[in-house]
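Presented sequentially are two complexes of chain A, the first with chain B as partner and the second with chain C.
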Partner chain A sequence: MDYSQFLAMKQEIGLLIVFLLVFLYDTFLPQRAGKGLPIVASLLMLVLTVAGFFTCFLGSPDVTAFAGMYATSPVMTAIKNILNIGVVIVLIQSIKWANGELMIMRRGEFYELLLVTLFGMYLMISARHFLLFIIGLESASLPLAAMVAFDKNRYESHEAAVKYILTAVFSSAVFMMGLSFVYALSGSLYFNTIGYAIIGQHSTMLCIAIAFVIAGMGFKLSLVPFHLWTADVYQGAPTSVTSYLSVISKGAAAFAFLVIMAQVFGAVYEHIWSWMLYVLIILTITIGNLFAIRQKNMKRFLAFSSISQAGYIMLGVIADNTMGTAAMMYYILVYICSNLAAFGVIGAIENATGRVSMEDYNGLYKTNPRLSVVMMLAMFSLAGIPPFAGFFSKFFIFTGALAVGTVAIYFLVGIALINTIVSLYYYLLVVKAMFISNEECVIPTFRSACSERLGLWITVAGIVFLGLVSPIYNWLLEITAPIASLFV
Partner chain B sequence: MFCCGVYGFITRKNMIAILISLELMLNAVDINFALFNRYLYPGHMEGMFFTLFAIAIAAAETALAIAIIINIFRVTRNVDVQGLDKMKL
Partner chain C sequence: MFENLLIYFVVIPVVMLAGLALCQNVKQIRAVAVIGSCCLIGLSTWVLCEYLAMRAAGEDAPMLFCGSWEWFAPLNINLAVGVDGISIAMLMLSSIIVFAGSFASWKIDMPKEFFLWLILLSTGVFGFFISIDLFTMFMFYEVALIPMYLLIGVWGSGRKEYSAMKLTLMLMGGSAFLMLGLIGIYYHSSVDGVHTWNLLQIAQADAIDHDWQRFLFIVTFVGFGVLGAMFPFHTWSPDGHASAPTAVSMLHAGVLMKLGGYGCFRVAIYLMPYAANELAWIFLILTGISVVYGAFSACVQTDLKYINAYSSVSHCGLVLFAILMLNTTAMTGAIMQMLSHGLMTALFFALIGMIYGRTHTRDIREMGGLMQIMPYLSVCYVIAGMASLGLPGLSGFVSEMTIFVGSWEHADAFHRVFTIAACCSIVITAVYILRVVGKLLFGPVQDDHHRKLTDAVWWERLSTVTLILGVALIGCFPNFFVNLIKFTFSPAIFAVLGLN
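Presenting the complex of A and B:
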């Protein structure tokens, strides 16, 4: 065996080293050193992110390893770096929570599980064979169930975990069923071999197989007919886990979905799966928005908002061109910043006062002006108000989709635009509660922890500058340009 | 067999029974892969290997799910899904 192929997996190996260091630190250092673990983990992740950017800028060539099962390219490196940034922010924001009274015994496990899921997502993104993909998918979703159940003292946490694990297993069973049909049709599990084998096929079996695959991934992405677990899980899980689940896990799944649809089923885009995705996107955006309006709990509210955001991300898949891919990566980056800002504020308030309902936010501006401004920026960015980053990401993803140029796509983008206006209403409800509404029992003024403030500053910088600094999008567009040839 | 599993998943009220239905679905997938490999593509073993990995993954899933269900049982003293309605719209 040629061991040099492990060199292709630089980022994975870096992540494994981080994981091992955290594990050894947790196991062998005395109990009182445990307080430093969250900071050490965040720093190690930061080092990994910076190192990842260096490989990115030095130019990592397209490499395949392990008989073509694993592939990496500048695009893969870039999306992994984007996920890394998100993980660093999540880790920084969760330092205070992880150092809380209840977490003393289990602090290490949280970080180990989190790093393992991230490793699974790396594999999902880089896999070029369905066996590796399934292993990545499972190692990305199973430890998450344990993380959702992390608050042992809260019953809701267990309830959320059982809902999450049952739907996750169900969805992966559906996904693998679809794969078995694909295997029957093509006799291979390599992405490109399947891609060539199904060119020009129209059989019912292929339709069913693709529907199963889309349904399986739809559960992970919480697209609408498969979204029922999302709100409960987001509400029940600890806030740090919810933020991780809503941005990192969703971003990785979205990109992996794009790779599968383009490389494996790209040949039958027009007559089999484009209309399936049209229906899913319209349902996802509309129903996510409509349900978000009536939510009273902030975490549930963000759950439905993230469902409709997933619909927008899917526009990048339907575009099926270079611009769509670049726009989608940009959208994921911006979404990471804005959603983590919102979750950071919610987490800070929850840590200080334990309140998460929207009425509690009434009059927040008078007592905690800084937090309310951060929340307002996050809401504006999610709603897509210029000049914040959210506006540009929406703009790019719409133009990417419009480049397809069919009547159906104009219709689709039209509906998405109308929904943006609907979403403005409920995002502004939060802003109104904070700035205009008056309330007797306002949340008292408190000073959030140093780590939480640092996390919020990073996200705010992301929201404000990502939109205005155009080289970022140009750079993404540049590195995605060569992969146009991969779309059959 | 897959359809049996889906039916069980939707209709059963007991979480352990739901888990068994999920196992049915996963096993259906395994058999599918093994069969397709044996009869359609006997030349190489890709499907068989996939089956092996899928069995291992299914075992991990079951272990985790049972651990979580036991946690719930400690709190509520039963394993029916009707009990899981603390969070509603």
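Presenting the complex of A and C:
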């Protein structure tokens, strides 16, 4: 075996080193040094992110390794870096929570589990063989259940973890069922080989296989009707874990899904799975939005909002072109910033006062103007209001989808656009609560922790500048251009 | 980039925003607002003079001051600017109303936040009028819409939360249609095989095929028509205007609703002339209903702001109505009507705000004899009313006259019937204006507490005088404005559009 192949996995190895350092720090340094762990972990992740961008800009070639099971290319490096940015923000925002009293004995585990799931996501993105993909999928899912259960004194946290692990396992089973069908049809688990084997096929078996694969990934992405776990898990999990689940896990799964659909099933886009996705997208966006309107708990509210956002992200898959892929990666990046800004504010308020209901936000602007402004920017960005980044990401993903040019896609985008108005309604409800409503027992003025403020500043910078500064999107379009062959 | 004059229409408001963010007290805030809006008036006058000089020198490009800077190069999105006579007229109008609006909100609560949102709104408005790139145009359009939510929700009165939400959702609903239409235009317009967002290039290439034109015309016209208060999408307007604070009503009725009319002309008709010709009748019916229905509704209202809001529906309906006539005379009238309505309705809302600030009621049944108590404001109100019902010498007469003459040029029964129906709205306008003037200004004083009230103070006088001057100038020198905008409607351009 040629060990130099490992050099292709630069980012995975980097992440492993970070993991090992965190592990060693946690295991061998004395108890009192434990307080430094959150900061060390954030710094290490930051270093990894910066290093990742260096490899990105120095040019990372298209490499496959391990007999074609693993592949990396500039696009994959880029999406991993985007995820890294999100993880850095999540880690910074969770510093205060991780240093809380409840966490003293388990601080290390949180970071170790988190890094393992991230490693799994890397594998999902880079896998070119379904065995490796399954390994990635499982290591990205199972440790998350332990993270969801991290608040061991809260009943909801346990309930959420049980729900999460059952659905995760079930969805993996469904996914693998689909794979077994695919294997029966093509005799291989390599993405490429399957892709060639199914050209021109139109059997019922292939339909069922694709439906199972979409369903399995649908659980990860929380597409309707596979979304039922989302709200409970988001509500029950600690806020740091919820924010990680809602952006990083979803972003990675979305990109992996795109790769599978384009590379493995790309040949049967038109007559088998495009209509499946049409239905799923319409359901996801609409039902996510309609349920979000009724939510009173901020975390549940963002859970449904993130369901409908997943529907918009899926427009990048249905576009089936490089513009759609670039727009999707950009959407994920912007979504990371906007959603983490919202969760950052929720987390800060929860840490200070323990309140998470939307009514508690009434009159927040009078007592905590800065937090309210950040929350407002996050809501505007999620709703797609210019000049914030969300507007650009929505516009580009619609532009990417409409490049297909059929009547059906105009219909789909039309529905998605009408849904943006519904979503604007509930995002404005939060703004209304903070700026317009008056309340007797307003959350008192408090000073949020340094780390929380730093996290919020980063996300605000992202919300304001990601859209207006065009080179970011142009760069994504540029690096996705070479993968055009995936889509023909 | 900064050698182009037009870019300063966005730069000045952005600098104002930065200045406001640094302000410590109310005096500095007022200073920033006044200096900034004076700069904007100065800038638009400068652009106007330059424009006239260039046209006099024989410049015959459709747009002047053109500039284009790459933004999202792979998608061919540019920050492209350019103006013709219509845009310049709109820029003048906006800067005057921003100026008057700043003075009308001299004593507002939480001035810093208020002016931040107000200036953000005007950034959007100015950006919209100078853009000739569909993407940037749309972006500025939405920037102008969203501050309304907080401006009405926080500083409004009455059912403000309901109205703010209704207004925002309906207008953003319109812009959702618009987004679909604009991206559609992008994909169906190729100039030399490259898709483009540039208005001028699309219009000149005339590449959109006729089947798609129908769809895109309907989508974009409805999208902009919502903001232009086209029936049945006008219902945000009465509630929104009634709840909004004074300066916001002024800007919204005076400027924002013009975005709708301007967009219908500049995008829907300019880019899809074939479909416009074919489908104009649908929207002619709808806008005809707006004109008459708005006027009738105004007759039965008792709240001053509702009266004026419904009259706006009627007058703005007339703008779209005239644009859809698709001939030079009526379209000239439409632009004149936009200017005239913008100034006049801003004046109305300013006066209503000032009266409400004193009497704390807007119900005309609870007020009376204001002419004895506050003669200055009352006289201004009469002038605004006269302009609204079309007294010669004021702006309303010129614009409505032009519109109806233009509409009458169509000899077929359909257009004639609708023209006659629309003409009737003038009479109805007279009914509701004179009813209010008689009840509110003359007659007995209804409430003895009102006798102690004072007349306008200096900033209120400044605000109203500016607007009255504008109304009178259009009324007395209509030819100047006709000459300013006529180039856009010159036969050469119409030939390009395939009209007439």
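Note that the second predicted complex is superposed on the first by the 487 of 488 C-alpha atoms of A that agree within 3 Å, B and C clash if a C-alpha of one lies under 4 Å from a C-alpha of the other, contacts with A are read in each partner's own complex, and residues count from 1 in each chain.
Everything below uses one rule, namely that contacts are C-beta pairs under 8 Å (C-beta built on N, C-alpha and C of every residue); 3 or more make two chains touch, one makes a residue touch a chain.
Bear in mind the structure is a predicted one, so any value in this text is a computation, not a measurement.
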First (chain B), second (chain C), both or neither touched by A:F398: second
Contacts of A:I82 with chain B and chain C, given as first, second, both or neither: neither
Partner chain in contact with A:A348 - chain B first, chain C second, else both or neither: neither
Touch count on chain A, higher of chain B and chain C: B
Touching partner for A:M69 - first (chain B), second (chain C), both, neither: neither
Interface residues of chain A shared between complexes with chain B and chain C: none
Touching residues on chain A, where the partner in the complex is chain B: 130-131, 134-135, 138, 142, 145-146, 149, 152, 155-156, 158-163, 165-166, 168-170, 172-174, 176-177, 179-181, 183-184, 187-189, 231-232, 235-236, 291, 294-295, 300
Chain B residues within the chain A interface of the complex: 2, 5, 9, 15, 18-19, 22, 25-26, 28-29, 32-33, 36-37, 40-41, 46-47, 49-50, 53-54, 57, 60-61, 64-65, 68-69, 71-72, 75-76, 84, 86-87, 89
Contact set on chain A toward chain C in their complex: 323, 380, 385-387, 391, 395-396, 398-399, 402-403, 405, 410, 413-414, 417-418, 420-421, 424-425, 428, 431-432, 435-436, 470, 473-474, 477-478
Chain C - residues contacting chain A, complex: 71-75, 77, 135, 139-140, 142-143, 146, 149-150, 153-154, 160-161, 164-165, 168-169, 172-173, 176-177, 179-180, 183-184, 186-187
